[in-house]
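The letters A, B, C and D name the chains in turn, as written, and every chain counts its residues from 1.
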Amino acid sequence: MFKRILIANRGEIAVRVIRACRELGIESVAIYSEADRTALHVREADYAAGVGPAPAAESYLNTPRIIEAAAKTGAEAIHPGYGFFSENAGFARAVAAAGLVFIGPSPEAIHAMGDKVESRKLMSAAGVPVVPGSPDTLKGEDEVRAFANKIGYPIMIKAAAGGGGKGLRLVESDQDLASIVRTVSSEAKSSFGDGRFYVEKFVRKPRHIEVQVLADKDGNTVHVFERECSIQRRHQKVVEESPSPFVTPEMRQKMGAVAVQAAKAVGYFSAGTIEFLADADRNFYFLEMNTRIQVEHPVTELVTGIDLVRAQIEIAAGKPLPFKQKDIAQRGWAIECRIYAEDPEAGFVPAPGKIHTLRFPEGPGIRNDAGVYAGAEVPMFYDPMISKLAAWGANRAEAIDRMRRALGEFIISGELTTNLSFHRWIMTHPRFLAGDFDTNFIAQEYHSGTGAKSDDHARIAATILAAIAAQRGANNNHAQPQTRVAAPTGSAWRSLARFDSLRR
Amino acid sequence: MFKRILIANRGEIAVRVIRACRELGIESVAIYSEADRTALHVREADYAAGVGPAPAAESYLNTPRIIEAAAKTGAEAIHPGYGFFSENAGFARAVAAAGLVFIGPSPEAIHAMGDKVESRKLMSAAGVPVVPGSPDTLKGEDEVRAFANKIGYPIMIKAAAGGGGKGLRLVESDQDLASIVRTVSSEAKSSFGDGRFYVEKFVRKPRHIEVQVLADKDGNTVHVFERECSIQRRHQKVVEESPSPFVTPEMRQKMGAVAVQAAKAVGYFSAGTIEFLADADRNFYFLEMNTRIQVEHPVTELVTGIDLVRAQIEIAAGKPLPFKQKDIAQRGWAIECRIYAEDPEAGFVPAPGKIHTLRFPEGPGIRNDAGVYAGAEVPMFYDPMISKLAAWGANRAEAIDRMRRALGEFIISGELTTNLSFHRWIMTHPRFLAGDFDTNFIAQEYHSGTGAKSDDHARIAATILAAIAAQRGANNNHAQPQTRVAAPTGSAWRSLARFDSLRR
Amino acid sequence: MRYLATLADAEHEIELEEISAGSFAITFGGRRFDANLRAVGPASFSIIIDGRSFDLEVVSDGEELVVASRAGATRLTLVDPARRARHTAAEKREVSGRVEIKSGMPGRVVAVLVAPGDEVKSGQGVVTVEAMKLENELKSPKTGKVTEIRVVAGQTVEKGELLVVIE
Amino acid sequence: MRYLATLADAEHEIELEEISAGSFAITFGGRRFDANLRAVGPASFSIIIDGRSFDLEVVSDGEELVVASRAGATRLTLVDPARRARHTAAEKREVSGRVEIKSGMPGRVVAVLVAPGDEVKSGQGVVTVEAMKLENELKSPKTGKVTEIRVVAGQTVEKGELLVVIE
């Protein structure tokens, strides 16, 4: 087993890996940009090394500095987390070239699954169902039109190098075709430096369901069941659960088998995820494979009891999987809400800032994976995630009950806005409770200002009283220490002070 | 189902019940003494009612005030938690007399199990193995000697009304008999107002293993497996786990069956616990039944997935158990550490006070049930528990790994002392890791000042640097807001300020 | 003291009177509420109103206040009509003649900021009174001379008690 | 600056020099350590020494300090021999003649507490210098008269830079 591991990431996932290391008796090395010197992952690690300025390109994506940090601290392996370098074959090779172990799959597997077009070919060759689409990238408007007429509208145009919801466009009918083709290819060039694109049949009411796989270096490959990830805003997941309320036992068995097949086709080892698109008739199609740990891995851990990050490390160290497929079972239900510093009322734009007061939910069935602490800053340079709140219950209803309860307990205030009330809204929505949703759920159902008006006089009175008390506290210079703490508020109150002076 | 429930308790268990209520869509009513106006359970509840001055006898044990609070807030049922009125048949009757539902067993069951002597008779009559002992209370020295000669030394003399480790004495040989008999009976009179006592065979190397039971009002009774509670200081549990590393499948099956038998013998319903004493040969004897929820219930919830408090409420509402014995299974391993404001170095004396900084452990496998928050005070009037930290793992080793990791993450500072480092010591002790311990473990193994001396120069340098920085902060009047917060420290630093002025 | 609060586009008028430290009588929507308030954090308050417990976090956002609770967040703005009136009045014309400055709530005098005979400007602070563990500076509504001072620092005062006279 | 620390009954002498805000050179046990310190809470500090990360909480208990980390708590007492010496010296007899007060560390002058010609007592503060985001008041070791002031508030000073002269 490794003596020391460097985590080439930040935020909650860096903390998650540090925890796994600590539990395994392995020392952890954090890296940090100049914006992250006091970030939680730096405080929690055994070693820490600065790797450059705030912009990711100069720090968390700075290969030489990261390799150098590993050498200087004597790390034997590097865990990439998710995002950043996690799916970068070049980085994986650089790590190996430096004589270190990359905690993830082989560079070949990363590469094979990294290209949308190549991976689709590979998968259909391996007998994995894929969405009907162009066998290869298409050259321009005419090729696209010809193919569209073959498979019929609506179609989806996707950048070959795209991903994460970026670089894809829907074409409803022939007349929008020309302009959209132009947009996609130019966007693809600018965003990914690769203008190639391909076409797929567009699936209506699609559900995003993915299957977790684990494989060791001896080729032992198992699936760890599915995750339902259809609750998305701007093509990005915000709520995930396992099992999926949509998947039947037969479908589950089939998806699992296909996922294992897909992983084996690229000689995959470590933890990975096969993403599927499922239509209303429960047909499912291969979307892509994520050759890394997923943000939403906790829901799988909660229902199966398997520690996926621990497994990644043990596999990288050459250990065989400690279990067979038959040993893996789902128990109960788990849901995860991604708590972001963002403003749902303003189209989910990031709204990072300093955190003053923070109290996390706790108690039965609750797991929280945070990347911040009271007094910390959610920096504007990176993904504005605050924490991943997960709830386990004996069944879906109990899991939702607990999540709703936990969201109420989640106290955070400061110079940032969060999506907590947005999650409260989801957890009470009839369609979510019924499990009746697809990837369009939020676009269809969520409208800004869903805040119900209250005629609860006691509550209104309490609200106003609290506001008055806080305001008096803010204008007050001789307050007791505790009130002084409101100073974190210092700046938060500044505007109020102004407002207040008007009043006088 | 009930619309509103009053919780006749405080601290973490009150918060635990409030959470269960909220998850069930039931409104919660907290009660508070004058010392608890700002306690966490008051903040978390939907309603709150003051019930008297700080001393428990005048507030949390003030029946009229509690019943009145329930009436005023329109509560339909009362949950007693543990301690206080939880095993008081008189209170249970008073609740019923007021037309409210007592969330617990019948007053008769509480009474039957409340008296050590009566319950032992009842149990042996019901075929439950009990420690060989006097069939009835004994009158004095001679009766005791006669009986001791029959069953042989060593023997245990126990006050009939005792419990929780109070009012019991070991007699190794005939010569200590006379004096000890006198002490016990006089102690019993003064502590419990009942001088009666009985005699039991003393079990060497005893393990304290208990079985959780659940029964509904239709008599459906199941056991929810065992808890190992042998790690005790001053006869009180500090670490509990489930399963027990000592219990074999056969023994588990037998204990479960006996526990169900015991519960049925008193027509028990609600959640309850049968405490057994097990000897080195895996014989086990009935000790007593706790007719309430236990402090350590989370470890059972973690391995079985059953919400015991939720079950208590549903049973009290007349619902049948939603599962049969065959549906209940243990999965993985769970350990709980009771985090107290106490000083292990000083014989575990309570060391309550104000909490300044607080950061709870989180992440995979960790559950924390706290009764406090940053800025809160652990009052001197009640049990000085801060929180119950529980860790789940796929096996015992993983659970311990996670607990050790979590104990490291547990940050608390202020005017109180905690037993955190004591727990760290336990979680690294070879005998604990091997599962080789009995109720004498701590008495035998723990010696004050087990703090190893460090020759890690970087660590020592960091420690000294932090001390210097903090000290400068403390003497500084123009510090920034954040440093001001150190003021909560106000008093904590006062002594330092003095010390510092000497230096100048 | 009267306040005007606007939440969810609805204006609410509320009359707040502090009975004793942390205990208030609130008149609102034609009803009277007994409220007990305790600070439990920097900008966190535990409030019990008619037996109901509210745990509230307050943060300001521009000219609005955001009050967050288990049930969600509420945005509101707060105005004190009495003061506003007095303010504008003071602006319009000098208040003339003898002015008595009284305590708006029961509390403790923290500091007397003027001495007899002092010339004071309109809006200048004259006495600081502490109530609700928080301080409030009472200002002179007119420019004039301090003729009487009825209180000293540290003294507790009743609601409406005369503090200072300015002529 | 030199400090004497006692932990676990062992006395340690440590030489602390601030290179720049939050960065220190520590000489200890015959070795030199590069340390970077950041306050992450009221009495919480993140310290990186030779690439190792330490997360430390400090609380005082009587005359001792308790420093808690993931690994457990350490009790220690802190003495500044230099200062102690100076202190006792000052007590014993008046320091005579010209005394130059210099900055013990690089930092920023927050306030000059005396003016040229002022009479100062032994132990009276003369200049406040900020370093490590925290302030330190430099005191006069003797009773005498301020003859020179070489700095003004807001000015940054080097280690050992002359601030004030007292005769």
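Keep in mind that, in the parts below, a residue touches a chain if its C-beta (ideal position, glycine included) is under 8 Å from a C-beta of that chain, and two chains touch if they have at least 3 such contacts.
In this text, all values refer to a predicted model and were calculated from it rather than measured experimentally.
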Of A-C and B-C, pair with higher C-beta contact tally: A-C
Chain A and chain C: spacing of chain centres that average the CA atoms, whole Å: 47
Interchain centroid distance [CA atoms averaged], chain A/chain B, Å: 39
Intercentroid distance (Cα basis), chain D paired with chain C, Å: 44
For chain D, residues that touch 2 or more chains besides their own: 41, 52
Where chain B touches two or more other chains at once, by residue number: 44, 373-375, 408-409, 482, 485, 487-489
Chains grouped in pairs wherever the two touch, ordered by label: A-B, A-C, A-D, B-C, B-D
Complex interface listing, chain B residues touching chain A: 15-16, 19-20, 22-25, 44, 298, 301, 305-307, 309, 331-332, 359-360, 362-370, 373-375, 392, 394, 398, 401-402, 404-405, 408-409, 481-482, 484-485, 487-490
Sites on chain D touched by chain B in the complex: 3, 5, 7-8, 10, 12, 14, 16, 24, 26, 28-29, 31, 33, 35, 37, 39, 41-45, 47, 49-50, 52, 54, 56-63, 65-74, 76, 78-80, 83-84, 87, 110, 123, 132-136, 139
For the chain B and chain D complex, residues of the former touching the latter: 356-357, 408-409, 411, 413-414, 421, 424, 451, 453-454, 457-474, 476-480, 482-483, 485-489, 492-493, 495-496, 499, 503-504
In the complex, chain C residues that touch chain B: 36, 38, 40-41, 46, 48, 51-53, 55
Chain B residues touching chain C - in the complex, by the definition given at the top: 30, 37-38, 42-49, 72-73, 373-376
